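Look at the two complexes coming up: chain A is in both, with chain B in one and chain C in the other.
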Partner chain A sequence: MAILRSPGPFSGWRSITLTAATLLALPILLVTFSLSQPQWLVWQHLADTVLLDYVLNSLMLAFGVGLGAMLLGTSLAWCCHHYQFPGRSWFEWLLLLPLAIPAYIIAYCYTGLLDFAGPLQTTLRETFGWGYGDYWFPEIRSLGGAITMLILVLYPYVFMLARNAFRDQSQSLLEASRSMGQSPQQYFLKVAVPMARPAILSGTALAMMEAFADFGTVEYFGVSTFTTGIFRTWFGMGNHLAAAQLSALLMLFVMGLVLWEQYSRRKIQYYYQGHKRQTQARTRPAGLTRWLLFSFCSLVLALGFLLPLAMLLHWAWLTGPEQLDARFWRLAWNSFSLALTAALIILLLAMLFAYAKRLKSDPLINAPVTVAKLGYALPGTVIAVGTMVPLAWFDKSLDALLQACFGISTGLLLSGTVFALLFAYAVRFLAVSLHQVETGLARVKPSMDMAGRSLGLSPTGVFSQVHLPMLRASLLSAVLLVFVDVLKELPATLILRPFNFDTLAIRTYELASDERLADAAAPALLILVAGLLPVILLSRAINKETA
Partner chain B sequence: MLQLEHVAISYGTNKVVQGFDLTLQAGEIGCLLGASGCGKTSVLRAIAGFEPISEGRIDLHEKNVSRPGFSVAPEKRQIGMVFQDFALFPHLTVAENIAFGIRSLPKAQQRERVDSLLTLVELQGLGDRYSHALSGGQQQRVALARAMAPKPDLLLLDEPFSSLDTELRGSLATQVRQILKQQGITALLVTHDKSEAFSMADKLGVMDQGRLLQWGCPATLFSRPASLHVADFIGKGATVKVEYLGDGRIAGDVGNWPLVSNVSVASGTSLSLLLRPHQVKTDPTSELKARVLRQIFRGADYLYELQLPGGELLLSSMPLDCEFSPGQSLGLSLDLTNALLFDAANGHNVLLESQ
Partner chain C sequence: MLKPVSVLALLLSAVTTVQAAQEVNVYSARKEALIKPVLDDFTKQTGIQVNLITGNADTLLSRIATEGQFSPADLLVTTDVGRLQWAKESNLLQSAQANEQLMRWVPANLRDQDNQWFALTKRARPIMYAIDRVKPEELNRLEDLTDAKWKGRICVRSSTNIYNQSMVSALIEQLGEQATLELAKGLVKNFARPPKGGDRDQIKAVAAGQCDIAIANTYYLAGMLTDADKSQVEAAKKVKVFWPNQSDRGTHVNISGAGVTKHAPNAENANKLLVFMLSKDAQQWYAEHNGEYPVRSDVESSELLKGFGEFKAESIPLEKVGARNTDALMLMNHAGWK
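Moving on to the complex of A and B:
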């Protein structure tokens, strides 16, 4: 396309784009290739001791969360789609709110609520006069506890996709099935769910990816999984190659999910009926059922959002005055400025790649961008390891080179600096930003470029007067989404942060690890509030679609 | 005003347009007609400056704007363009869209020009709307007004009516022609719809596989098409094989007929005779018989698909009182006054321009 001059094979823009894309793909490629140099001794040791635990716990966690999120999300979606009950339209977006809470924060809340010294057990003991060991109470700090916590915040993935899929099913399907003698229940089982299956599976796969990626929850609950194992191998054993290989193994599991998810998503289009749909009329069940439905939705909302929020507010009320000191605000500033910087840098990268693709599809650039986009599916721990390896190598080589030539030591130039963090964030969150930019750019049709030119604009004029105004909303949401994601990110920040550099997420994690849950409430609350922004954005987008 | 000389456009090694010559006088409306993928949109884009040309030259007002390795930027050409999808900017109102190309004028003048254009395209009072709140036909007229606002030397229209429904198309085409003529605008449009082309064009060209087969006024293209392909594209009809016997006579399955005009071929040459539906009439006394295959009711008349004993097909339009059922055999007479004859080997018109 000759609208904005397409770059020649060796033009400056192309080299910049190519270099950026290759660098971003590097961590993932390095982790993958680390498998080619197996560390037999370390593997032997891991296999003898903890490897089986890692594999089994990670798998049980992912499948438990997947199953739970699938059942909970699908049933909630069906309730909100098919039945009319009090508050139904509110629940349609209220039930998305748990997405705002990082899993590790909900884990802290429930630990505070449910453990031995927590309000629930204390009340039980006081009411019945029990002492320690007199009664059985489920242990929240367990694999089962971790699965429950993750289900509570991850079911919205399934809920959202399943509800959209149900909504796309036309009234005539329901009527056709009724006219063939099927009851509404049979319709649900035989038509609605099978038709929504790709969407449900896609949501389930997303929830399972998040479960594989979780670090904060399992670490806090003392459950050994891949992510905690990688962390321990890296810091405890100091074996970076082995950590990379563990990461590669975890990556294989996640890649399986990515393929499965993409396969499901392709099918969604196939199942989608192109014709104009008439939305299904909702069933109005009997009085008691209506209130049962209401209670069900309320219960999930309370467990997934209101209760943890109340717990945090309560703690923040207790500890707020002493927590909100100068240090806290410095922390908040650290977090917000880091997140904003990362969001802006990632936006620039995303625009670079999106425009490169729009002007001229170039396989040499597309390939590394596709690899880098996988970063979003990968656990922060894996990305951190993948980032650290090349940066450390670069630092060491540069140091050695300069030592040999000039006798100066550069020390650690990149690893252990904010650069390393920003780089890892770029790998992890490029896909989020790129998706927004590409969606926005797709709305600017090539003919609009031409219209702008034929009405007297230069290529730069087309960019500033046609593209930018039309992209504004997409660019804004790209920045916002990445901003919040970075704010919530825990494991990569934990591994890569410069010495003594704290963020809200890190502080929350450290305080909670020190059993100072109440003190952790203030930073956690700030993360939660910020996390609400994208959820609101999301529900508004969905409402607009429905309207 | 606009002149294309031997223009070729290539994508890589693939020549999508070649040997393209075209001249458009000031105030004329030209139209390129062709099936999709024939290269007509590429020609339009090259004239607008969005596509480099690999051979030949494009002149505007006797000034060269495109030649191989050289191209005046689109924004410097004073060419307005109306796009198939209208390409209205969704973030601007109708008035802002129309004023987009005249931003450098003082505000008051902009407003005046926008108002007069809104009146011209009969959209008074809709200036504050956004384009998505308009119907397809209204959007089309906004796009036209926007392209006309900077008073371009030449207006290009790329399938301007194809995204509208059929009923709207005809009336809008007439309306747009009226507006262009009233304003004395030189315009070139491309379309694949011949009725659209007929209702718009002063000059018409038929394109096929990157070549301009014929360029002239619509009546000429209809009555004296240069080739069978042009004739086929321009109007319905059926071809039958005949042989030139010499002495102004042809013979074939349709019988032995005298010709009104002279032909340029030697006797014994195989020819294709194109018969339009109105040239085939029923005549009970005729020896030429055909069997009715299908009867199609068209409101004002019937269109019959007929089969000659030798297997060749004919089309015939007949008044509503001529009612025949499939399978029935009927006698036919042919009106060969304006009959078209083409060389069966290369499809060229063989009639001499004698009348």
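Moving on to the complex of A and C:
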């Protein structure tokens, strides 16, 4: 079985993997340890007043977003994969663009547009002479509004994974299903979707975790969820233990989600079925249908990207170009370089863990990796504090040790440095990268390793000549998703960053949270631009591979 | 054997000596745009380099506490009194030196009795009303807003917001828990909609007719009046300020303030910066640029603020407000104030 030699119990790789996994699990374990000091009084108070709201709203938000992102992402991926229609090849990457928009920014944009005091409703009132209460209009600042906003920016997770999965399905499957008299609809429902299930569910789980962790949108919309509850308990009541316990409870939900996702994947072994991909023959539907497909994709693109972009451009236009000074470009550089470094480091970690699991499932490593994956569903603030505590402990212990031995004081070596930031990002976003790598790796049959070996390839040769080409799309997606996530990341960056180190997300947030939306537009636009570049480059690279 | 050790020692001593330059490290809950210009002026005048981290006050406090004796923080700047008092109670601050000047400039109820923190600016939270639907004669005390005639006419933001928490803390301190709970329940009953959005959103809702009255900080209205977005200016012009409780305790006022941290490596420079932030120029800058009221009586507020009118402010010592924060939040949970 062990084709790429499985590491022995004391091999170097094993200890590196184990150490890395344990370190990444540490911040999350710290949160869990808080349960050992139950804060009954606070819990009693919460249970009497707001806890039920937190639980119900969080669950509805996560499941609403999960369902919406799954349906939207899968159907868009299928349209772009299966049909030929005007603009199709453009939509393949255009539909990824909403990823670059932070959820709270899209929330600000739509509120500006659709709120009671916004231009749309004001125009309606002026045109028809209505007043407040005379007419019905969907309330954007509601649970439904929050679900819609998050679906619009999170569906690309499902879209990207599903599209990669559809691409890997052999053309002969389609032909076989046709020859057995199945209609295209039946093929979609009975063959294509079930085969892409691990990818679709993986994307859905990511969207749901992100929804659980969202703070900015729900806070702005006045929806009480676990995350807002954690903040209220921690900051409002000053009880960090009770807040950590709320976080631990939130993690229980997410743990359920992760296990469900893994379970559903385990039932069947999904492997990429042998053949080298033929050129995909896309279906050319009738004229009207083609334009319907075009309109569907355009609508999603307009709602998820173009409309918010137009709002931001409008605001940025109002404030003028005076913001674009040298300091502004420095922010852009900070954001860009930080996001790229983090994305690459996290990719390496994810590959390390994914291979450790593939080669020899080792519960000692799997357990901390599973724990570390939960980080994606925790609010960044909780992770940041979970990072800060062990790092400070390390710094202080090292200082004490060196004081005792050499009389040298090192002070804080790691705390308050970029290292602390990268560490927190790794905890927060490992799940994103790992999902991509694992779904990619799951499609490589073990028999291909054996074939490669029997053809005389070394284990490294199997990796570089068999695995890497097959994993390319997944690895690029992993880099892209983490890059964009770090670019948008706010709470952990805010707490952990070094002196005089700002990012675009921080600048945007500072202005937006002071309710100076017009001023916040310029940095928000730059987040979009910085995110666009890699989205375009990487999706081109992914496309090229399948061309 | 000795060599690597001595190289290490050399490296480490290099790390530690870097910090000896003339500098001061600021942890600020004030947003960068609203503090950097003042800090830049300070550097220009004194040659002392200022290093800045901005962020949420609570997380900055966590960071100082976690970093402990090695914390590089010298000065903590916050935008409300609750966090300053909390920092003091968590033993994270020290008493400021040079305090004769500071004592003279900052009124006693706007600073800590042990000189661990000082107010830098005042932020008032009055009532704002729709000019066309509310007559100022109809308004008097905050308590009167619980009257049934205001049903469905009041907009306030969420109780998660610190300004509301401080306002309710101050009420508990002055009216007692029971009366404050009644007041909060009465307000909630008259809400036009579940609390959502920020202070500007409440003002906009009044302008658009969704509600007739909002409770909001004055600098948000000032910010709207000077916004680049014309629709914000239009909305702000439909709204006026009313100062409640002028015949009794006065209108609620919070502060932005600062304190020198316990383990400040550059405590002396931190003190200099504190004094600088209370200088006339700095005080005027805040009045002009963020519509806040100077704490010094010898500095005038901006023309825009004068247009909102003179008012009597609450006079309770602010440190008591800070200590009540948890009670306030629990009370609002009970009153159903989301």
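Going forward, the second predicted complex is superposed on the first by the 308 of 547 C-alpha atoms of A that agree within 3 Å, B and C clash if a C-alpha of one lies under 4 Å from a C-alpha of the other, contacts with A are read in each partner's own complex, and residues count from 1 in each chain.
By definition in this document, contacts are C-beta pairs under 8 Å (C-beta built on N, C-alpha and C of every residue); 3 or more make two chains touch, one makes a residue touch a chain.
The structure presented is a predicted model; accordingly, all values stated were derived computationally and were not measured.
Applying the stated contact rule after C-alpha superposition, one finds that A:F212 touches neither chain B nor chain C.
Judged by the touch definition given at the top, the superposed model places A:S458 against chain B, while chain C stays out of reach. Applying the stated contact rule after C-alpha superposition, one finds that A:V466 touches chain B and leaves chain C untouched.
In the superposition on chain A, A:A518 makes contact with chain C only, not with chain B.
In the superposition on chain A, no contact is made by A:Y104 with either chain B or chain C. Touch criterion not met for A:F483: it reaches neither chain B nor chain C. Contacts of A:F159 after superposition: neither chain B nor chain C is touched.
Looking at the shared chain after the overlay, A:M450 reaches chain B, while chain C stays out of its contact range. In the superposed model, A:F221 makes contact with chain C only, not with chain B. Once the two structures are superposed, chain B and chain C can be ranked by residues of chain A touched, with C on top. Shared interface residues of chain A (contacting chain B in one complex, chain C in the other): none. Within the complex formed with chain B, the chain A residues making contact are 2-3, 443, 445, 447-448, 450-458, 461, 466, 469-470.
Touching chain A in their complex are the following residues of chain B: 45, 48-52, 73-75, 77, 79-81, 83-87, 89-91, 100-101, 103-104, 146-147, 149-150. Across the complex, chain A meets chain C through its residues 45, 49-50, 111, 115-117, 119, 121-122, 131-132, 141, 219-222, 224, 228, 231-232, 234-240, 315, 318-320, 381, 384-385, 388-389, 392, 395-396, 399, 402, 406, 408-413, 415-416, 491, 494-495, 497-502, 506-507, 510-511, 513-519.
Across the complex, chain C meets chain A through its residues 5, 9, 12-13, 15-16, 25, 31-34, 51-56, 58-60, 62-63, 66-68, 70-72, 86, 158-160, 162, 165, 194-201, 204-205, 207-210, 220, 223, 227-229, 231-232, 235, 325-326, 329-330, 333-334, 338.
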